[in-house]
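Below is a structure I'd like to ask you about.
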Amino acid sequence: MNNATTSTPRRTVIPFGPQHPVLPEPLHLRLVLEDEKVVEAQPAVGYIHRGIEKLAEVKDFQQNVFLLEHVCGICSFIHALAYCQGIEELMGVEVPARARYLRVVWSELNRLHSHLLWLGLLADAFGFESLFMQIWRARERVLDLEEQTAGARIMLSTCTIGGVRRDLSAEQVGQVLRGLDELEREFDMFVPVVIKDATVKERLCGVGVLTQRQAQELGAVGPVARASGIARDLRVTGYAAYGELGVNPVIETDGDCYARTLVRVRELYQSLLLLRKALRHMPDSPIAVAVKGKPEGEVVMRVEQPRGEVMYYLKANGTATLERVRVRTPTFANLPALLAILPGCELADVPVITLSIDPCVSCTER
Amino acid sequence: MGTVMALFFVVVVAPLVGLVLNGADRVVTARLQGRVGPPLLQPLYDLVKLWRKEPLVVNRVQIGYVYLHLAFMVMTLVLLALGGDMVLALFAHAFSALSLVIGASSVRSPFSRIGAQRKIMQMLAYEPVFILLVVGIYLRTGSFMASAVGRLDAPLIVSLPLVFLAYLVALEIKLEKSPFDVATSHHAHQELVKGVTLEYAGPYLALIEVAHFYETFLLLGIVAAFFVRQIWLGVGVALVVYAGAIVVDNVCARLRTTWMVRCLWTVPVMLAVCNIIWLYVRRTQGG
Amino acid sequence: MAWSVHELLGRSPWFVHYNCNSCNGCDIELLACLTPLYDVERFGMLHVGNPKHADILVVTGSVNHRNARVLQNVYAQLPTPHVVVGLGVCTSSGGVFAGSYNVLGGVDKVIPVDVFVPGCPPRPEAMMDGFLRAVEILKRKSAGLPSAPAEKEVITVAPPSGPHAEESDAA
Amino acid sequence: MIFPFLKTLFLSLRRGPATRRYPRVVRTPFPGTRGHLVNDAGKCIFCGVCARRCPAGALVVTRTPAHWTLDPYRCIVCGYCVEVCPKKSLRMEPWHRRESGGARGQG
Amino acid sequence: MLHNVTEVSAESLRDTIAARFPQGYRFITLTCVDGGATWELLYHFDRNYELSHVRVRVPKGAVVPSISGIYACAALVENEVQDLFGVTFEGLTVNYERRFMLAVEAPLAPMVRTPVAQAAARAGEMRM
Amino acid sequence: MEALIGSQGLTKMTRNELAVAVLVVLPLVGGALAWLAPWRWLRSAVVWLTAGLSAAAGVYAVTLLPFSVTLGSWHEVVAVVCELMLVGLVAYFAWDERGWLIVGLCAVQVGVLIFEWLEGAGQIPVIKDAVFCLDGLAGALVVIINVIGGLILVYATGYMKVHSCHGGGRGAREGRFFLVLTGFLGLMNGLVLANHLGWLSVFWEGTTLCSFLLIRHEGTPEARGNARRALLINVFGGVVMSLAGVVAQRGGAESLEGVLGSRLTVVFVLLCIAALAKSAQFPLQSWLLGAMVAPTPVSALLHSATMVKAGAYLVLRLAPAFEGSAVMDVIALIGGFSFAVAAALAVSQSNAKRVLAYSTISNLGLIVACAGIGTPLAYAAALMIVCFHAASKGLLFLCVGAIEQEIGSRDIEDMGSLLHTMPLTAGVTIAGMLTMLVPPFGMLMSKLMAIEAAIEAPLVVLLVIAGSALTVFFWAKWIGRVQTVSYHARYRLERMPRSMMGVLVVLCAMVLGGGLGSLAIYRQVIEPMALGAFPHAAEKAVAALRAAGQLHSWPILVFPLLAVIAWLVTVWRFNPGYVRLPYLAGENRDETELSYKFTSVKDEPVVAWATSLYFRRTLNEERITPWANLLAWLLVLSLLGVLGGR
């Protein structure tokens, strides 16, 4: 008699992406829903696969700096940094101290702009348009700083093998420091909202919980892992000038979207701190050493991107071109975690949860 | 003659007022966000452009419901302007929204269909408030006719303050503002792309916009004409209410559909119910 | 009269964005155009997520095997008149990724493009220039005037004394 | 806390729009901004170093006839060519390059 | 330079990696290198910021056991390697059947530098 | 007709008696002939003829109203004998079905009947009430029963032909099916016409038996079980009704008129409980849902348009006499409760027939609620619902039947693309649903009146409002699904027996026409009836009644009409070039009849699909029903409290 209620009801199947306004990037999720509750999420990628790893085997190892910078437009500098550090380790190049500090400066500027961008997109995903505007307004200050120091807003192209390509004058350092002060004042305009607003918390707290165990087993990295209580931040290993500056990983334990937001918000302040420290204590030295010869051997280089650990595996054979360039980006590592936390949430939470791992599809697919 | 004037006003002037109000909304929103924003008459430009676009559709059925959407909306205004039955006007207003729902669910895009369902959820959330408003008016006037409101000695806001508060929340839903813009919104960035209006393009979208202008006028008109009654004061209060709605739109995240229904049914609807009970009690005691 | 209508038509260019093979650089600069510092809503521009509501299709990145069909689908759902704007060098040639096994080349291989905005990524100002150009084309198209697809001139420099002393682009 | 954003909202209302009103008001780029690549024909020796180093393959240099060709729709404005140019004939101008489009000249 | 590399055979791969899972190793990723006649698969692990690697060399065309049953997160990268190099993994928990990174129209195993005839034949088989 | 019968020497019967006899006997005879007919075509012909004649007779009878028929005292004997025979039949079937409880109830009923007989034997009533009478209310039902019922019969001939082709029934059973279905019209006519409580009880029991036999028609275990349940609940109702007869007799009344006149509250309460059982009101609703296993014409005829209305009819008939009493408030509450809860449960259903069943329960609840409110306006609203609901709901059942035969499913979610595969039925279905929902059609207007009438009873008005909102929800979902369609340049009419198609078209036209003319119907028919029922109504109540007639000011017709015209013009001038695939995030694959596919994981096509919201977790039928029943039982018990108070 009750066959209508006992038989399994038909489910809603939705293509979420690739052309979708909530993510500027083409990620396709096949969502299966029951009354707006997600029961299954399966991703399809490859909409943005450019074959960079193959291209990097064609271009010479110097050109690769610029190519690999284009793996991702958001953390462009850090990609170049990871690659350059890898080649430097292969060739045994000692990078001058000032260059190492400058690398920290640009890395942290990249991190600031990436986190702000992400915060804005998150605000947009839960429909808080004016918060998005406010955050991106602050982000423009970071972009201005990048343009002032590197000559471009997005593709800094300042990292090179053996050092950096641009130096900062004392005046520029002063400008950046002043810019950072202004930026901090801008933070006060929106950070309390992100942390305290009731509607924001309603959308973030308890949503998409990733337990510490899950995070460990699924290999989550970056803020996703740190929000689940795993202290994993590669800046601790002290590459570039981080060893001198000292970094303590920012940790939250709840593992929900709110915790991930908090981690990134706190990292904004951490970046400010690191930037000020780096700018104030920047030693005087040349900014680059000349690089002679060709790389040979294999190396794995890891650095901390805004989204987490990026891993470069480089294999060189003594010629100008490399034999293998392998890029494992943080989003690729966080995708399994995303797929684990999507089922059970509501459709309205899908954009929020998806964004909470700060997906960079462009990175993921290379 | 007065009837003709009233009809002219609600059919011709109302959408223009709604248009300017919507333009003002966009400018104010932009300013609140630290932007310059579009010109005041931007909705007009949008309309002209949409009118000239290709009328893309998925099937022929959905078109009918756009016309019904607009027709019922105008009908609501006309019924109220004629001083007609408020329950009928309420139904007409509900069916205006419902037409959109049915039209949106007649296409196969899951986004549109889910948007339609969320629209129904919205209706479940706000319709009680409107119905309670009508009940409240009946209890004050002893008649379901809108014209009876005009014969009252005191503005409704005096006897229906809690209903008015609930009405403000319902207004936020009806205007598709945050935190309740779950079915569709004037900003595209959400999980349902454009929700209900997803599969309507060009002139049909323009008609939906026009209906929205009517609705803006209607909702604020109720504030001015029913709750406040003195014309200039009413206009002032209505504008303040609208400004408030815009501000709330800008300080809230969008909330989930279920949360919306729960929220509406716990606080505003209960407030309105209290107000109604109070009126009942007063009536039975006062004779 | 006709003129003024077309003038109005250009005041509400809604755009839809599809990211083909972009590295995100162009996308985030496009989003930056919406934010307070650039605010393209001044020109009546809105970011609609839906091609059916859009007048301008903004494409970023080059085309690969998988997203070509998506791009075609999105393009097919645009109502006329519409304009396609390619942002960044990837849309016109593949940019730094040209030559890869999964990069088919510029967007114009798949759909006709009306405006190319160079840069990697183009600055928001350059994008706005591109949008204003797109609006002009939109007005022409809605008036029924023909519009040529965007050209991609190269800049050639020869020695001043040489026979081919020219600079074909006014920059 | 209810509506903590209200304060920010009214603050930004008071501060006025932050918009840079391009194209009405054009902001001067920061010095050193990489806008677009320019070759000083007088200095160029058409050696082809830039073309060989260009990561995007946007440059083509031929010795006979002596042509230096830039495809601006391929150039990623990285400035590597400027760095390697032996004669410093290449330089980056801070202004961005304009778009190309069908309505040029008529619009 | 690479330290902590354990060379294992394809047969003992699963056991080696299954032993690492309870020891708190985090699977970072899998790198495939075209070694001419062989594929070199390099599994990267991390524990307390310390890298360690497991290297397997298999002749082209051979079937590699999948570790996605041990490390669930390895499924995606194995699919990617399957797409780009044409390596066949056995026992994948989620198998995209070579439609992960690359579309139907895209070239087959584009990252392979020296296609071995055997590998090509096998690839042809799979395509059918 | 008169001349025809006159020539056969029956002139001494009056026209009125003749009309009653024809209405009651003709369908029974027709049914018997259909049963005996050896060939299907003959059977169909007999059924058609019977349907036509009884429809004509029904319309004719209404032109005679009001009238009443008195008979000699012999009729009481006949009534008791008929009743005993029917109870015997019921008991036989119950025995056959191993329904011991039913057999027990039958025994009780026999006991009650004998008690009544013995007690009544000594008394000689001074004034004989009319045995049958036809007033406005009964007239409205007679028209519905015979006209709509006749149409459903015609439809059934076509339906059963297809049904048996699908292996649904066997020839012999089909004969019996039409015997019961056709004969039912006669019993129902009798029920509506009966004034004498004994006869009322006879016909009441007769319809119960019909319903049981028809539910059991398919013979599956499920059908038998559901039939047994229906029998149990309705026999329970019958027993209560017999009890009412005893009590009425003791109070000196033996007819409905007598009960009305003497205001016997106890009888009224007992009759109301019987009516609740028949009208499937909470807590006695479960049988109607089970009854949906019967072939769809049965659902249309018995379980939505006519038989279940009998209960509501009884309440409506008696209500005016008990205006303002506490009993009425409880009745209104029970009705309102059924209205809201059934509507809520309908939301959670995806089985079309169950949705319709719940919707029927819901609307019957509204009728009962209106009867309970007991003002002229409420009474008018109830009458409106009786008329418009019968037509619309009958039509919808017929549509579902046709759809089920075509697509093999009665799940709403399977009804996408119907506009393409069976455009006529889908169009009729949509029209039918719109008439249940949208102004200016009658159902909506009656709901409006119900709300306005209930305004003085806060609890009822809340229930009515909640129910209306939920009603909108499930209809909107269904309409949306049925009209989900891809673009097709042209549509080809589906193949369907002509009888079915014809009935669908005719009934649809009636529903649309009647709906649009609801104002006229209200003014001409309903308003006088309501005034007639409440001759001493307060001035204010009459004013409200009159005001409702002015509701349809011109906008309500003009604006929807404008929209429809605009739509027709657009469709007329439609350019196929404007058709695009729906938005699927850019991954549209192709478009087939039934599904839109998008390219997904592994480049494989996946069907994009959005189910409607059912809230299966919150509005869980199995969880809610016991609680709702408990509450409803409490309400019924409070009704019985009146008995204790006496």
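Letters A, B, C, D, E and F mark the chains in the order given here, with residues in each chain numbered from 1 onward.
Assume contacts are C-beta pairs under 8 Å (C-beta built on N, C-alpha and C of every residue); 3 or more make two chains touch, one makes a residue touch a chain.
Remember, predicted model here, so these are calculated numbers, not experimental data.
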| item | value |
| --- | --- |
| Shared chain contacts [subunit C and subunit F, defined touch] | A, B, E |
| Chains contacting each of subunit D and subunit E, listed by label | A, C |
| Far-end chain from subunit F, centres as C-alpha averages | D |
| Centroid spacing, where centroids are CA-atom means, of subunit C and subunit E in whole angstrom | 40 |
| Where subunit A and subunit C are represented by their mean Cα positions, the distance between them in whole Å | 27 |
| Separation of subunit E from subunit F, taking each centre as the mean of its C-alpha atoms, in whole Å | 68 |
| Chain centre separation (subunit B, subunit E; CA means) in Å | 58 |
| Residue list for subunit D, restricted to those that touch at least two other chains | 3, 5, 9, 12, 17-19, 21, 55-56, 76-78 |
| Residues of subunit E engaged with two or more neighbouring chains | 99-100, 102-104, 110 |
| For subunit B, residues contacting two or more additional chains | 30, 32-37, 54-56, 110-111, 114, 188-189, 193, 198-199, 250-252 |
| Touching pairs - complete list by chain label | A-B, A-C, A-D, A-E, A-F, B-C, B-D, B-F, C-D, C-E, C-F, E-F |
| Subunit D - residues contacting subunit C, complex | 17-23, 26-27, 35-36, 38-39, 41-42, 44, 46, 55-58, 65-78, 96-104, 106-107 |
| Residue numbers on subunit B that touch subunit C, as the complex places them | 26, 30, 33-39, 42, 44-46, 48-50, 52-56, 188-189, 193-194, 198-202, 205 |
| Subunit C-touching residues of subunit E, taken from the complex the two chains share | 102-107, 110 |
| Interfacial residue positions of subunit F with respect to subunit E in the complex | 601-604 |
| Touching residues on subunit C, where the partner in the complex is subunit A | 16-32, 35-37, 47-51, 61-62, 64, 66-67, 70, 73-74, 95-97, 99-103, 120-121, 123 |
